[in-house]
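Naming follows writing order (A, B, C and D), and every chain is counted from residue 1.
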Amino acid sequence: MEPIQLGNGDAEFIRKVEVESRQDMKKCYQCGNCAAGCPMSFTYDYTASQLIRLIQLGQRQRVLSSRAVWMCATCETCSTRCPNEIDVARVLDVCRHMARREGYAGERNVRLFADAFLQSVRMNGRAHELGLMAVFKLRTLKFFADLSLAPAMLLKGKLPFLPHRIKARNEVADIFRRFKEGRAEDAAGGKP
Amino acid sequence: MPELTENTKELRIVGFLCNWCSYGGADTAGVGRFIQPTDLRIIRLPCSGRVNPLFIIKALMSGADGVLVSGCHPRDCHYAEGNFYARRRLEVFKHLLPVLGIDRRRFEYTWVSASEGPRWQKVVTDFTAQIHALGPAKFFADAPELDFLKAGEGVMQP
Amino acid sequence: MTTGKTFAYYPGCSGSGTSVEYDKSSRAVCEALGIRLVDLPDWNCCGSTPAHQVDHVLSAALSARNLAQAETLGLCETLTPCPSCLKNLHNAVEHLREPGFGARVNALVERPLTREHSVKSVLQIIYEDVTPEKVAEKVTRTLNGLKLVPYYGCLMNRPGRSMHFDDEENPQALDKLMRALGAEVLPFPLKQECCGGAMGVPDNRITSRLSGRLLEYAVSLGADAFVVACPLCQMNLDMRQAQAGDYYGRGFNLPVFYYTQLMGIALGLDKTRLGLDKLIVKPAAALAKIGRKAKEEAPAASGAGRTAEAEVEA
Amino acid sequence: MKIGVFICHCGSNIAATVDVLKVVESAKSMPEVVYAVNSMYTCSEPGQQAIEEAIKERGLTGVVVASCTPRMHEPTFRRTVERAGLNRYMFEMANIREHVSWVGKDKAANTAKAVDLVRMAVEKLRLDKVLIPKFIPATRKVLVIGGGVAGIQAALDCAEGGMDVVMVESEPSIGGKMSKLDKTFPTVDCSSCVLGPRMVDVAQNERIELHAYSEIASISGYVGNFDVTIRKKATYVDWDKCTGCGLCTEKCPSKKSYDRFNEGMGETTAINIPFPQAIPKKATITAASCRLLSGGKCGVCAKICTSQAVDYTQKDREITVKVGAVVAATGYDLMDWTVYGEYGAGRYPDVITSLQYERLLSASGPTGGHIRRPSDGREPKEVVFIQCVGSRDPSVGRPYCSGFCCMYTAKQAILTKDHIPDSRSYVFYMDIRSPGKGYDEFTRRAQEEYKAQYIRGRVSTVYPKGDKLVVKGVDTLVGEQVELEADLVVLAVGGEASQNAPKLAEKLRISYDGYGFFMEGHPKLKPVETNTAGVYLAGSCQGLKDIPSSVAQGSAAAAKVLGLLSKDKLESDPQTAGVDVKRCVGCRKCINVCPFGAIREVDMRGQIKAEVIEAVCQGCGLCTATCPQGAVQLSHFTDNQVLAEVEALCQS
């Protein structure tokens, strides 16, 4: 690996993470508590505390292309145990938002599941579990994973074939539309 | 509160500090290089209980834009109970200010211990901003005729 | 006790799908305890994990629409059984207090919020407002003989500085409620260790690995069943139990109850309202233990005895 | 008046952000200023000499120094002007360093502010009067509060110097935390072998009067003349009769009393002597555990005692003593680690504190010096140490480093290997802090010689599994999670100010910081003094410290006491209040308001007048601010002087 050029830390990146997450990265003194308790750590390339360290060093590329920001399950263990009360989970969420916005590929399955889920919400106003699973399986070509679960679920009446649609679907669709149009950022006077 | 910029014209703020806690706290802030606005000048007294309200009136009438009194935290007075007397006296005094035609917000009293450098920095910064928000006090001689029967708040304000 | 108090009720999407029995039994229990629930009219999905992982403003906007629906009822206290929904609704309320955040959210929604809202879990209201003591008074059929492992999941009370419910490291709500019903509650130190959450869909090896650990520990304690308060946890432990078994090369057979189902049984509610038939791992064997004398079971329990006592005393 | 003004550069400390020469120029035009000059370091020898020469050569009658805070060098410069023949109160300081150059960035604004402060000092000086100190008698006796190693050292050194000592200890025995330790770092000396003889010295020294199981009820008075009320708590045993034979403790049927000395690692009897080397070696009854005192029938100890010492009717009683100085040495407490739910919060018997572990290591402890797990008495093989439990943790309000945990953990890892050669120790640490003499070498020995496995990282959770404890954590150096099935987990719990510290501080009229640690007079130059004359600090009550530092402070406090009370009379501060009898109308307001009872009423030809007792007056000025006639004036801070200062600031 190429050495990290300390002089080239991306200060704007640090600022953006701090502003969007409302957390002060300087408060972290790298004890490692967040990494110690993280249940998803076995799937990570960098540990939670290493990610925070990389943010402190302004290493945008390393952070946003890491697998870890996609694999975080937002279980809040890190945020609960941080001695400096940094909401680490929120920081990782924000890194994932930035990775999405900046077009990093990320973990395909995780990203596609979120896309499928939100598409279902946008269309119906609610999540239609069977429908979104179908979309997800179609996209990922993972037809067989979890297939064994379906019969029991269908039998128990836990996977309705038809989506529950709300009346004011347009209101929910509008939220997504305005979001896509960047209305939130306009309201805040440009990009944070 | 407005941000203070370097260009903002300095106002005249007088601080009466007890020697044992708040003066020490201001020293601690200095040793820690806790940068503050430069408007405030500190008069050192043995105890906040030494503050005669006359001092504050004198300051405000002589052209000060704000007056800050700071002593030891309650129950922590070097002289056992001087700050209790100060609190009682200054609280009453604060309510009398409008009668004199002086905006109540031009005077504050607070408690800062000798260990609380960061707190002193905050007290000074906040109070200075508060005074800047009020703007310079009109010179007392220019103030409208005082009508003690029609006392209201902030009659000196533009 | 809040007998008679009215709350807006947010069932969450899984309540009409994978956790239909949780929704049904929650309503039944609340009714029995005098907690009046009014469904939010035409509520929408809170966006669950995907929404907050895509954008916090988007997530908050989806939640804000629901809270606006509560305002149409004249209510600003909302309850939900689902911790994931709770987290989203609660975070929306919390983030809306941050400067600048509200304007962003308001730019996305039809009707900005006009009131200060509070969002709590049904469990919190039962535990704090009704209290386990009062629940105990209403028990008509004690759950004596049933050995339970309480599993809280990640989200309901963490971090404590934000959620303000129960102990963030050693929550007691389910423990005490189940004890109030007469069940034996085993000390379960993994009661908040993550089950894998929504990761089961992208990669079920993750949920298998994490949930399997919980199942293994529960079995080692000699538990008859899990008791949970989260649809996602329930799904990972129940529906995906076979996957976890395969992952660890062993079989599990541990029913996973919603706490509201067990409360329903103890309060003598109509079984058809509890949806016990919806559980994937059949609960019959566990339910048969209810009422059986503790003596018959004594020899098997000795293994975990020491720490169990220590925990109970603490 | 001929005033000289000296403006200090303080190297670049002042000169970097204040235009010193401009201040000098401005000073020259101030009233009655005949001489103004700058100086590189005014407090240095040439700096002080320049002041002396100027006074002599130019006939100055008053001096202003503009430099650092008067809390630092006012006494220094007062001596300077005195050497040149001026009265030491004909001197004023302007604080242009702490209050100007160090807190403001704008040089022009700073310079203007410095000029104002100098003008203010000049105006005050113009109204200064010559003040002559008086001499007051002092009691040559010292009160030492706390009988830990710092208090013991202070008491013995004072006694050695010929001073009478009253020692007050709240526990039934002196010895403090050190008496609970098995060994000490970095020498692995036996703690009780080091401390034991010192404790005996306290008991045997004729100059030391020991009140154990006692506390300070109240303190009044002032330096040289404190009146102390000591509350002696009921022990239900007449200590004059008790021989410390221990027969009662053998026969007491109530054997389930919490053992404070052993940190709850064992149980003790209701009537007990805390440990074999206790000083005084006397029995005390814990009322809550005593069958008779809690309303039942018993009386075994009274029957068995051959010297009829047991007295169930004993009550708390109070005694008073007069002392000239006080040393506070009240030590510290362990923070309440049960806030850490992730380590079990006290639920798992085999997760213990470092101090509990000391008791397990100690030959005089409940296990006779054999390390045994509290749960099942088994000898542990895998021992995990977790550092920084309650230190450096802002989330529990303890952001500071306790300072001694790294070292005692290294020691405990070494001792574990000594006691159980086939054991393995694992130390989870954030940073190893070992700056003392021989300290870092010691932590290296723990790792190299005693094979302690140091893991840079934190433990996320500890939970039981069978009869083991699963410890899950991270090794941040490899960036991977680690797991271990341990037999025993020892938490390096940090220290905090003792529970009662703030209350005692209020009685002593000394300051304490946000955590409850007592404030020293100056962080560098007055480490054992306080801002209250005659009150000194020793040991961890001032801030957590290890044994050598505590002992050093004990000796330092003793040296201060011996210096203070080396003469029979103390020079009193003449900055006291005085009454202008012509103005006094006898309203008694000043008498009522004085916290020290320093003003009395006198009859002057049939008229009531106030009179200040100078020796008692502490110079707070409360009376001056209260007097409706302006008849009582605090010298050196008179109404006219303060008003002159106000005028100087506002008219500029």
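One rule holds in what follows: contacts are C-beta pairs under 8 Å (C-beta built on N, C-alpha and C of every residue); 3 or more make two chains touch, one makes a residue touch a chain.
These numbers were taken from a predicted model, which means no experiment stands behind them.
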Checklist outcome for this item: More contacting C-beta pairs: B-D or C-D? The answer is B-D
Checklist outcome for this item: Farthest CA centroid from chain C: chain B
Item to check | Intercentroid distance (Cα basis), chain D paired with chain B, Å | outcome: 32
Checklist entry - Between chain A and chain B, what's the gap in Å when you average each chain's C-alpha atoms? => result 50
Item to check | Rounded Å distance, chain A centre to chain C centre (Cα mean) | outcome: 23
Checklist entry - Taking each residue of chain A in turn, which ones touch at least two of the other chains? => result 42, 77, 85
Item to check | Where chain B touches two or more other chains, by residue | outcome: none
Item to check | Residues of chain D touching at least two other chains | outcome: 342, 461
Checklist entry - What is the complete set of touching chain pairs? => result A-C, A-D, B-D, C-D
Item to check | List of chain C residues in touch with chain A within their complex | outcome: 13-14, 16-20, 42-45, 47-58, 61-62, 65, 98, 100, 103-110, 154-155, 158-161, 168-169, 192-194, 196-204, 206, 209-210, 239-240, 242-243, 277-278, 280
Item to check | chain D partner contacts - residues on chain B that touch it in the complex | outcome: 6, 10, 12, 14, 19-21, 23-24, 26-27, 29-31, 33-38, 41-47, 49-52, 54-55, 58-59, 62-64, 72, 75-82, 85, 89, 113-116, 121
Checklist entry - Which of the residues in chain D come into contact with chain A in the complex? => result 342, 388, 392-396, 430, 456-461, 472-474, 476, 479-481
Next on the checklist: Taking the touch rule as given, give the residues of chain C at its contact with chain D in the complex, in rising order.
Outcome noted: 167-170, 189-190, 217, 220, 303, 306-307, 310-311, 314
Checklist entry - Which of the residues in chain A end up touching chain D in this complex? => result 29-33, 35-38, 41-42, 46-47, 49-50, 77, 81-85
